[in-house]
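To start, the structure under review is shown below, and the notes come after it.
Here the chain labels run A, B, C and D in written order, and each chain numbers its own residues starting at 1.
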Amino acid sequence: MTNLIDIPLATASQILPLHILLPLLLAIICFLVKSSSIVKWLSIATGILHLLFALVLVSLAVSQNGAVFTYSIGGWDAPLGISLILNAFSAIVLLMTATISLAITIYSGHYFKDVEQARRFWPLWWLLNTALCGIFLSGDLFNLYVMLELMGLSGVSLIAINKSQSAIKAAYQYLLVGLFGSLLFLFGVALIYREYGLLDLSMLAATAQGSLLTKCALGFMSLGLILKTALYPLHFWLPDAHASAPAPVSAALSALVLKGTFYILFMLWFSVLTPATTFLGASIIGAFGAIAILWGSVKAFTTDKLKLLVAYSTVAQVGYLFILFPLMYQYPTKTLGAAAYFIVAHACAKAAMFMAVGNIQRVAGHDDIKRLSGIASHMPLSIFIFAIAGVSLMGLPPSGGFIAKWIMFESALETKQWWWIIFLVVGGLLSASYLFRVLNLAFTTPTVEHQVHVSSSAEGGLLSALVLAVITIVIGLNAMWILDIIDIGLVTSTLGTDK
Amino acid sequence: MWINLMFDCLLVVLILVLATGALFSTNVFTGIVLFISLGLAVTIAWIRLNAIDVAIAEVTIGAGLTGALFLGAWKRLEIKKRLQNSINITETKND
Amino acid sequence: MQAELYSVCGVILFALGLIAFLVKSGVFHKVLALNVMGIGVFMLLLATSAFYPNAIDPLTHGMVLTGIVVAVAGSALALNLATQIDLPLQSDEMK
Amino acid sequence: MINAHDSTSLKNRYVFIIIMAISMLAGCVIYALLQTPAPQNIMYDLVQANIQQSGVTNPVTAILLNFRAYDTLLEFAVFFCVSIASLPYLDAGVSDSSDLETQDAPLFSLVKVLAPLTILLAGYMLWVGSFKPGGAFQAGALLAGCGLLLTLSNVGVTRMNGFWWRSIFSMSLIFFILVIGFSYLHSHTFLMYPTTLSGRLILFVEFAATFSIAATLYLCYLSVRGKVSQGAHRAS
């Protein structure tokens, strides 16, 4: 680690554009090359390379005491050109994205048996990765809009790759919601540009005021992004979209795409347009988050499809993310760690869970929860992954989800907003109840008619899901890893500390 | 000077009327045709705002190709509907 | 004055599109509403650069060009998916 | 939420609430807009100061393909994404839709004149983009319009799933990445063109982009319109 300190920041920043170029290049190659095995191995290799780049960036960020990397594209500095920014928070999210997308890449290599589907999947999957990395690196409002559109359109196309009627309907609805949300965001961008004549995020952070127009702009942008992140009253599109997509796509949508839009929202509120935010607004968002936890959990408990259950659990977990808003408003230094922790823990757990469920669905041929009794004896690995990921979702120790909720407890107590604690506890109990409902059934002896026949090679592709599930436990045991990076970052980063 | 402003006002009114017509017409075809005319009116507005590049793009992409896409999709759904109606005569009678 | 006029027109267009998107059902009206909302945003952006008629800000033009192209891409995909959906869903199309 | 099929009275109330809420919101935004003074105009001066080094003299082209070329790269990626998504819905060989567009002699002779003209105009648009309004998007749209005319007058189209068509769809991105790689060797900065060559490199990218955009827009039209089966005609 010592020799890393010697690398000048400018040289280290050279890696930043590669995070966008590499997936983009691979998308083109996957589109042009016919052989699916070449595409598969090339994708896995690129995924590993991508993860290495992200690791280098994070270790650089740590060794340089949380320095903020910036990179002016084309050598044109900020107001004229576009710059890429990476701080400690986005470095963690970027590392998470690289890890999970590698896991999903490996899983997809096993998942897609149909050649036609696989050929449609790979280029779109890499375009989605381009957009995700672009969002976490972007330092420009209009660039964020283009990234949002790229992410939305590639996500829609990924849902529709199996061309079934239900998938096309879900994709169509998701597309309308996505375009609508992006347009609301763009309207906010136009209002901001009307007031400040600027698009660069760090320059906006320095000049933004709490004027009425900025408040309106923030309101429209937040509305669009909340719609895309599926907070409670605007979550109606999520269960269909996430449940009717192929399993790797559901995993990516739940674990990564929602985090992309949430990241933008979080950044706008707490680092760019902070003067325009109010505690009332943050509390309202937090209240909807609390309702989302209850509503999502109840729906997850009553649904009878396994994939829908996981999708509704995402609705509930998104609620926790929004409870962070009022806490963050009052106590940013502490809550930022909780946000990073929650994002990483939920993303890993949900991706692993969707992969396990996708495997169960494919092997059993359906995902009716009632007909899955006794599945544990046939597919022990899938159920094991489901259980470990479930531990993190419930927030039981030792898991990443537990640490995240623990920090949220602390900052809720510290800022005397004890009422959020009720929702945290109740949400944990509810998620325990719907997850144990599945696990309980999985371990009971099946009746004869519901017997599932499973071949021995059914769980081959689950290694990556297992790794993700283990990660959720590991980050729970070594809580200091992520928190340290965030704390180092807070010293220099603008996020959360300015104003 | 005031004549320019008058023209702008008239143009804005025209654009708003066309937009309302396109969005709230009950007939889909009328809506699409009004939308294409809206694209053309907006092109004039872009010229008034000194945005010639955008005006060219709007007239070719915004009005022209988007309009063609809408009309193509409309035609396709029309034929599909006719096909379905003639096949499921009983169903249409029940409706 | 011109800039204010077109800004207000842009906001009204956006609001009209917003209302239509939420109120109207049916594929074509939804996509039309999205397009009108887009035009509203573009008009707001271009009106911003009209505050300085002698020193036009080319960045807004660039943004609007990008926006127009992205909008047509989105509309094309939406219409494409909509035409793949089997008919019963769109029975309210031709009222 | 989106497809509200409620009873009429409930729906009317819902519509009324939406209209009132949005009107109030719009009124608030308009009020805020009219109160806000004009923004500072820093971009104009910056663009004027740097346009010499951008390689083109049309400021909009300079913004799109040099200062903010990153946005344009991603926009090409958006187009690429749409072409991948639309390809599976395109039935190979769309030329046999004779029941829909009947061979129309006056239209056909008109198209025979119009098509070369459109192509010429597109070429002019592309070339003129570096110093006057115009550029790849406009040229690409014109070319796509030309293809559309040909389809309407029932001139056959080859299947678009082949390797060559696919390379045309990705051509804008491939050429852009080539240019990025080439200029990286030169300047060691992502997307910084060597100053002496930048005009030519921009034209190079725009040239490729024109074809990709045209092909993608044309593909969108074909897949949206679909191959209307002969059965449709017979049934009606």
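Definition applied: contacts are C-beta pairs under 8 Å (C-beta built on N, C-alpha and C of every residue); 3 or more make two chains touch, one makes a residue touch a chain.
Treat the numbers as computed from the prediction; the structure is a model and nothing was measured.
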Practice task
Write down the chain pair with more C-beta contact pairs when A-C is set against C-D.
Solution key: C-D
Practice task
Could you put a whole-Å number on the gap between the CA centroids of subunit A and subunit C?
Solution key: 29
Problem - Distance from subunit D to subunit C - Cα centre to Cα centre, in angstrom - result: 15
Practice task
Give, as an integer number of Å, the spacing between the C-alpha centres of subunit B and subunit A.
Solution key: 38
Fill in the blank from the handout: Between the Cα centroids of subunit B and subunit C the separation in whole angstrom comes to 11
Fill in the blank from the handout: Each of the following residues of subunit A touches two or more other chains, namely 142, 146, 149, 153, 156-157, 160, 163, 176, 191, 193-194, 197
Handout entry: Multi-partner residues of subunit B (each touching 2 or more other chains)
Key = 53, 57, 61, 65, 69, 72-73, 76, 80
Exercise for the section: Pull out every residue in subunit C that's touching 2 or more other chains. Expected result: 7, 12, 14, 19, 30, 48, 56-57, 59-61, 65-66, 68-70, 72-73, 76-77, 79-80, 82-84
Fill in the blank from the handout: Every chain pair meeting the touch definition is listed as A-C, A-D, B-C, B-D, C-D
Completion exercise
Interface with subunit A, subunit C side, in the complex: residues 7, 10, 14, 21, 30, 34, 37-38, 40-41, 44-45, 48, 57, 59-60, 63, 66-67, 70, 73-74, 77-78, 81-82, 84-86, 89
Fill in the blank from the handout: In the complex, subunit C touches subunit D at residues 3-4, 7-8, 11-12, 14-15, 18-19, 22-23, 25, 30, 48, 51-52, 55-59, 61-62, 65-66, 68-70, 72-73, 76-77, 79-80, 83-84
Practice task
Enumerate the contact residues on subunit A facing subunit C in the complex.
Solution key: 142, 146, 149, 153, 156-157, 160, 163, 165, 168-169, 171-172, 175-176, 179-180, 183, 186-187, 190-191, 193-194, 197, 199
Problem - subunit D-facing residues of subunit A, complex - result: 14, 17, 21, 24-25, 27-28, 31-32, 34, 71, 73-76, 79-82, 116, 120, 123-124, 127, 130-131, 134, 142-143, 146-147, 149-150, 153-154, 156-157, 160-161, 163, 173, 176-177, 191, 193-198, 211-213, 215-216, 233-234, 236-237
Handout entry: subunit C-touching residues of subunit D, taken from the complex the two chains share
Key = 2-5, 15, 18-19, 22-23, 25-26, 29-30, 33-34, 38-39, 41, 43-45, 47, 59-60, 62-64, 68, 71-72, 75, 78-79, 81-82, 85-86, 89, 137, 213, 216-217, 220-221, 223-224, 226
